[in-house]
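One chain, subunit A, links the two complexes that follow: it is found with subunit B in the first and with subunit C in the second.
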Partner chain A sequence: MIDSVDAAKVNPDTSQPWAELGLKNDEYESIKQILGRRPTSSELAMYSVMWSEHCSYKSSKVHLRQFGDKAPKTDALLVGIGENAGVVDIGAGWAVTFKVESHNHPSYVEPYQGAATGVGGIVRDIISMGARPIAVMDPLRFGPADAPDTRRVLPGVVAGIGGYGNCLGLPNIGGELVFDESYLGNPLVNALCIGSMKHEDIHLASAKGVGNLVVLYGARTGGDGIGGVSVLASETFDTDGPAKRPSVQVGDPFMEKLLIEATLEVLHAGLVEGIQDLGGAGISCATSELASNGEGGMHVYLDRVLLRDASLSPEEILMSESQERMCAVVTPEKIDKFMALCKKWDVEAVVIGEVTDTGRLVIEWHGEIIVDVPPRSVAHDGPVYERPFHRPSWQDALQADAPTPERLARPSTPEGIKQTLMDLISSPNLASKSWVTSQYDRYVMGNTVLAQPEDAGMIRIDEETGLGVAISTDCNSRFAKLDPYAGAQLALVESYRNISVAGAKPLAVTNCLNFGSPEDPEVMWQFAQATTGLADACLELGIPVTGGNVSFYNQTGDTPINPTPVVGVLGVIDDVDRRTPMAWDEDGDLIYILGETFDEFAGSEWAYLQGHLGGLPPKVNFPMERLLSEIMVAASRDGMITAAHDVSDGGVGVAITEMALRANKGARFWIPDNIEPFVFLFSESTARAIAVIARTEELRFTEMCAARGMSATRFGVVDSGLGADSGYPGQQVIVVDSLFTFTIDALREANEATLPALFGG
Partner chain B sequence: MARVVVNVALKPEILDPQGRAVAGALGRLGLSGVIDVRQGKQFIIDLDGELEGERAELMKKLAAELLSNPVIEDFTLTVEN
Partner chain C sequence: MSARIGVVTFPGSLDDADAARAIRIAGATPVALWHGDANLHDVDAVVLPGGFSYGDYLRCGAIAKFAPVMSLIIEKAQVGLPVLGICNGFQILCESHLLPGALTRNDHQHFICVDQKLQIESTETLWTRDFSPGQQIVIPLKNGEGGYVASEATLDELFAENRVVATYVGNNPNGSYRNIAGISNKAGNVVGLMPHPEHAVEALTGPTTDGIPFFTSILKSLVGAS
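Coming up: the complex of A and B.
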């Protein structure tokens, strides 16, 4: 029995499962008010998914507005917040679009498919802007590396990302892998995609032109992820673990590849008026968003949708999250050409409706009207909550518990310091990520210039001129727990610095804000602080937020994850040949530390290894970050530096180890005057980088730093001949004067053994 | 001796890209009238003695949790004693 609009008028009092669908009583009442009657079951399905936290941003909207209100003036932004993805002008007629999204909950339920469809979803966001996807990146966070649940989830997630991305032929150029107790039972799987296009190829999601046809194309619609949006993404997991879940979406990367090629060809052939990908909330989302962004009305014949499972009800078809589907608006004159191109790519397509100017989204099912709603009320005018928030009662005590030498004993002997470095580089958070990244194709398409383990991923866009982009994502959620306002800023400045040390100029920001339940006022406070911090920081650095994603309800039971505002920064480099790698190369090159080191250990990797979290995170210094960025970009452009590396997790000690491992060549260091060795080597003060300078460029470089007020201290020299004198003849060694000597082989073994030992192979 | 046969396949509502690819290939190779293909895997486990009691329960549990992924797959288990 189909619940039609007529039936809803005749039986106004039928009881409806609004609560089971995740709607609140007042939300249900407001749907009735909008419609002037009770919703049909199909309308209820649509509103419930579209008004879920995941689709409507109902708890975050009031805070996210700051990204627009405080946006710095820039000419670089061609398309801003609110579209599928922001578009950034990188010059020479090229534009780049990039976005990061979460797929946390699906990846916990079914790691392989959850992570794979996360990649698929973000790729479709990029193609729906008219861009060709050119690279992906995945910031990942799991519980402790040795926890059984991490062993269940991590290998599947990595295999899913690799499997899907490799099949699409997209290089995976970086990301993050972080372990922390707070993610046990709630891993974070964020997926980022970058696409490039010419300015004239930008497309938007709107259904323009009355009488134009609405085409659904790609994979058939099945029972995938029905209710996934409202049930999976917006409700906390109980502690029973992953059983009895709604059906999981399964991705088909080969279908997605056909969809990419078909979509780009119909877009470039000028056959499309508006386009939208189908992700969470499927057809409900695509039709209501296209209609409300365009002429305001649409008539859809839902029974025309091609199905994988003929027994699906209209409600299920509306809510299905089957992957690899797109929706396009095409004029009647061009529909034959459109269909022919789809056929060429072996992509099924069907006209499911047409654009109207009635101001209503009307959906028919075998001749009966089952949906008749104002599309804006579904897509854009959902509920908005000003959730109450307050500073957590424990925050002051946490901040007061600083890791002073009295509170947390520090190593003072050379042996102790040597052991500290060994402990850090072999800890899961700082160990080599090659167990993960070797499962990803990093160089397919032949345009990858830099990839993990470099500071930033870098991709060549224009093969003629060498124009390219760099991208990095970062977040230290321990900093964010200590102070969410500063934590979000620290994520931004680290990412900004990573881009700069590679030689690219930072241009734009995306984010993926992973938090606990917004119904918890303490979590909401963290969210409010983090968004304000990020918006203020973007203003300070003069780079705008282009878009992003919010993931709430990341918690197990009542315990939320550490606030995790993952920030991605995109930069542009005029010629990728001018990039700065992290590995030093020439004997005799001089190693400088730029910026000042303070005694800042709260939230650091060292403190984490001691099991301590407390105090105030490192201070953010925007003017110094900007200056450091300008110096790194100028030094790269003018050929003054041969290598550089950002100093962050694990401090200078870990940074020089990473450079040495990458170079496979030794160097000698000394501790600068007036600073304790332990503080110099392991503090995580911001606005610092290591720069390697050829002797011939030293004067020019130091004069530039001095003239601009940047502290630059020489503390090392590249030397491949230290082995014999230090008792390791024939070997490459790192010597830190009067503290320790390591062979690079020993460092490599410690750094590379950790993840294979935990996860096999 | 007992022989346990466990057949594992994706749940009917779950997309089966491999099955779809096979369906396409069958059609291209001239087999007409292919409506759908679903593929799966089979485990044949030979055991000493009869399968009964606690051991039968454990076998069933392992079929559900080790041999299949309960989130996306169904299994059938038959025993030839």
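Coming up: the complex of A and C.
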């Protein structure tokens, strides 16, 4: 029995499952108010998914406004927040679009498909802007590396990302892999995609032109992923573990590949007036958003939708999150050409409706009207909550528990310091990630200039000029737990620095804000602090937020994850040929530390290894971050620098180890005056980088630093011939004067053995 | 006029643009060939690039051999058309029986992407004459189903007839029998290679430029033949 609009008028008191669909009582009441009657079951389905936290941002909206209100003035932003993804001008007629999204809960329930469809979803966001996807990245966070559940989830997630991304032909150029107890019951699987296009190819999601046709194309609609956003993404897991498998979608990367090619071809042929991908909330989302952004009305014949399962009800069709589908608005004159190009790529397409100016989204099912709503009320005018928040009662005590030498014993002997470095580089968080990254194709498309383990991923956009982009994502969630305002800023400055040390100029920001339940006032406080911190920091650094994603309800039971505002920064480089790699090369090149090192260990990798979390995170210094960025870009442009590396997790000790491993060439170091070796090697002070300078450029470089007020201290020299004198003839070694000597082979073994030992060869 | 080398695009081809770039860098003219179009557009040689041809949910390359363009390529290859199959292209050549044996799932069950050291075993094919015998090179390897298998008799024959084009040096990355990374047909015009020379043609984007000789070899072969 179809629940039509007429039936809803006749039977106003029919009991409806609004609570089971995730709606609150007052939300159900306001739907009735908007419609002047009870919703039909199809309308209820649409509102329930579109008003879910995941789609409506109802708890986060009031805080996210700051990204627009405080946005720095910039000419670079061609399309801002609110579209599928922001678009940034990178010069020479080229534009770039990028975005990061979460697929946390689906990946916990079904790691392979959850992670795979996370890649698929973000890629469709990028193609719906008119861009060709050119790279992906995956920031991942799991429970302790040796926890049984991490061994269940991680291999599946990595295989899913690889299985989907590799089959699409998108290079995976970086990301993050972090282990922390707080993610044991709720791992984080974020996916970032970047796309490039010429300015004239930018497309938006709007249904313009009365009488234009609405085409659904791509995979057929099936019963998978029904209620994914309302049930999975907008609720907390029960402590008895995941049991929501049918809500997870199943991916078909080959279909997505066809969809990319077909979409780019119809866009470039000028056949499309408006376009929208189908992700969370499926047809409900696509039709209501297209109508709401366009002429305001749309008439849809839902029974025309091609189905994988003929028994699906209209409510299920509206809510299905079947993957690899897109919706386009096409003029009647161009529809034949559109259909022909779909056929060329073996993509099924069907006209499901047309654009109207009635101000209503009307959906028919075999002649009966089952939906008749104002589209804005579904897509944009959902509920907005000013959730209560307050500073957690434990915050002060946490901040007071600083890792002073009295509180946390520090190694003071050379042996102790040597062991500390070994412990750090073999710890899961700092160990080589190649077990993961070697399962991803980083070469496809032939434009990958830098990829993991480099500071930033870098992609050539224009083969003629060498114009390219760099991208990095970062977040130390321990810093964010200690101080969410500063933690979000620290994530931004680290990502900003990673772009700069590679020689690119930071341009724009995206984010994926992963938090616990917004219904918990302490979590809401963390969220409010983090968004304010990030918005303030973007203003300080002069780079705008172009878009992003909020993921709430990341908790099991009452224990939320550490606040995890993952920040991605995009940079531009006019010629990728002058990129700065992290590996030194020439014997005799001089190694400098830029910036000042303070005694800052709260939230550091060293403190984490000691099982300690407390104190205040490292101080943020925006003027110094900006200066460091300008110096790194200038040094690259003027050919002064041969290698560079950001100093962050694990401090200088870990940074020089990573450079040596990448170079497979030794170097000699000494500890600068007036600083304790332990502090110099392992503190995580910000606004620092290691720069490797050719001897002939030393004077020019140090004069530039001095003139601009950047502290630059020489503390090492590249030397491939140290082995013989240090008792390791024929081997490459790292020597830190009067502290320790390591062979690079020994460092490599410690660094590379950890993940294979945990997750299998 | 420079040699025309076709690059076939199946719907799921991924490295077709890379193959075309490598051909350009070597000094030839790449010509796009479409899987559904039974027309070779007068090309002098063909590259079957890496990717997932038709999704490859069945056996890799099993459907691709039935593509309209493949019937022509199979026919012409048997009478001397030079064909290089890379990765998925190698799988398609085996499925098409232009080359013996088969490619199976990597023995460790994971997709793997590494900079792989190879030894060039045969410089007698049309695609490897610019190498010197025994030369060691490093080019990317990236596959999920790259384990080369064949009967003992076939393997013996391949080695005896100098048809093993390249072998893996050091670790065997995918469980290939006798470390085989690439083979040729008896005539030496058809070569299948699991690693990706087209990803090692620019110092900027590849681990090396060791892949270039595969493409300059065919140019010299074509000039010598004409």
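The rule is simple: the second predicted complex is superposed on the first by the 758 of 761 C-alpha atoms of A that agree within 3 Å, B and C clash if a C-alpha of one lies under 4 Å from a C-alpha of the other, contacts with A are read in each partner's own complex, and residues count from 1 in each chain.
Keep in mind that, in the parts below, a residue touches a chain if its C-beta (ideal position, glycine included) is under 8 Å from a C-beta of that chain, and two chains touch if they have at least 3 such contacts.
In this text, all values refer to a predicted model and were calculated from it rather than measured experimentally.
Visitor: Should A:254 be classified as contacting the first partner (subunit B), the second (subunit C), both, or neither?
Guide: In the superposition, A:254 contacts both subunit B and subunit C.
Visitor: With the two structures laid over each other on chain A, which partner does A:634 touch: subunit B (first), subunit C (second), both, or neither?
Guide: neither
Visitor: Which partner does A:113 reach: the first (subunit B), the second (subunit C), both, or neither?
Guide: Only subunit B is touched by A:113; subunit C is not.
Visitor: Classify the contacts of A:223 with the two partner chains as first (subunit B alone), second (subunit C alone), both, or neither.
Guide: Only subunit B; A:223 stays clear of subunit C.
Visitor: Classify the contacts of A:147 with the two partner chains as first (subunit B alone), second (subunit C alone), both, or neither.
Guide: It touches nothing on subunit B or subunit C.
Visitor: Of the two partner chains, subunit B (first) and subunit C (second), which one does A:446 touch, if any: first, second, both, or neither?
Guide: So A:446 only meets subunit C here.
Visitor: On the A-aligned overlay, A:351 touches which partner chain: subunit B = first, subunit C = second, or both, or neither?
Guide: A:351: touches no partner chain.
Visitor: A:322 in the overlay: touching subunit B, subunit C, both, or neither? Say first, second, both or neither.
Guide: In the superposed model, A:322 contacts subunit B only, not subunit C.
Visitor: Determine, under the contact definition given at the top, whether A:162 touches first (subunit B), second (subunit C), both, or neither.
Guide: After superposition on chain A, A:162 lies in contact with subunit C alone.
Visitor: More residues of subunit A are touched by which partner: subunit B or subunit C?
Guide: Tallying touched residues of subunit A, the top partner is C.
Visitor: Taking the two structures together, which residues of subunit A meet both subunit B and subunit C?
Guide: Dual-contact residues (subunit A): 252, 254-255.
Visitor: Could you pull out which subunit C residues touch subunit A in their complex?
Guide: 11-12, 14-15, 17-18, 21, 50-52, 54-57, 108, 110-114, 140, 142, 144, 196, 198-199, 201-202, 204-206
Visitor: Would you pull the subunit B residues touching subunit A in the complex into a rising list?
Guide: So the residues of subunit B touching subunit A come out as 10-17, 20-21, 69-72.
Visitor: Quick one: in the complex, what on subunit A touches subunit C?
Guide: Residue list for subunit A touching subunit C: 159, 162-163, 166-169, 252-255, 257-258, 261, 345-346, 437-449, 460, 463, 576-577, 761.
Visitor: For the complex, give me every residue of subunit A touching subunit B.
Guide: For this pair, the touching residues of subunit A are 109-110, 113, 219, 222-224, 242-243, 245, 247-252, 254-255, 308-309, 322-323.
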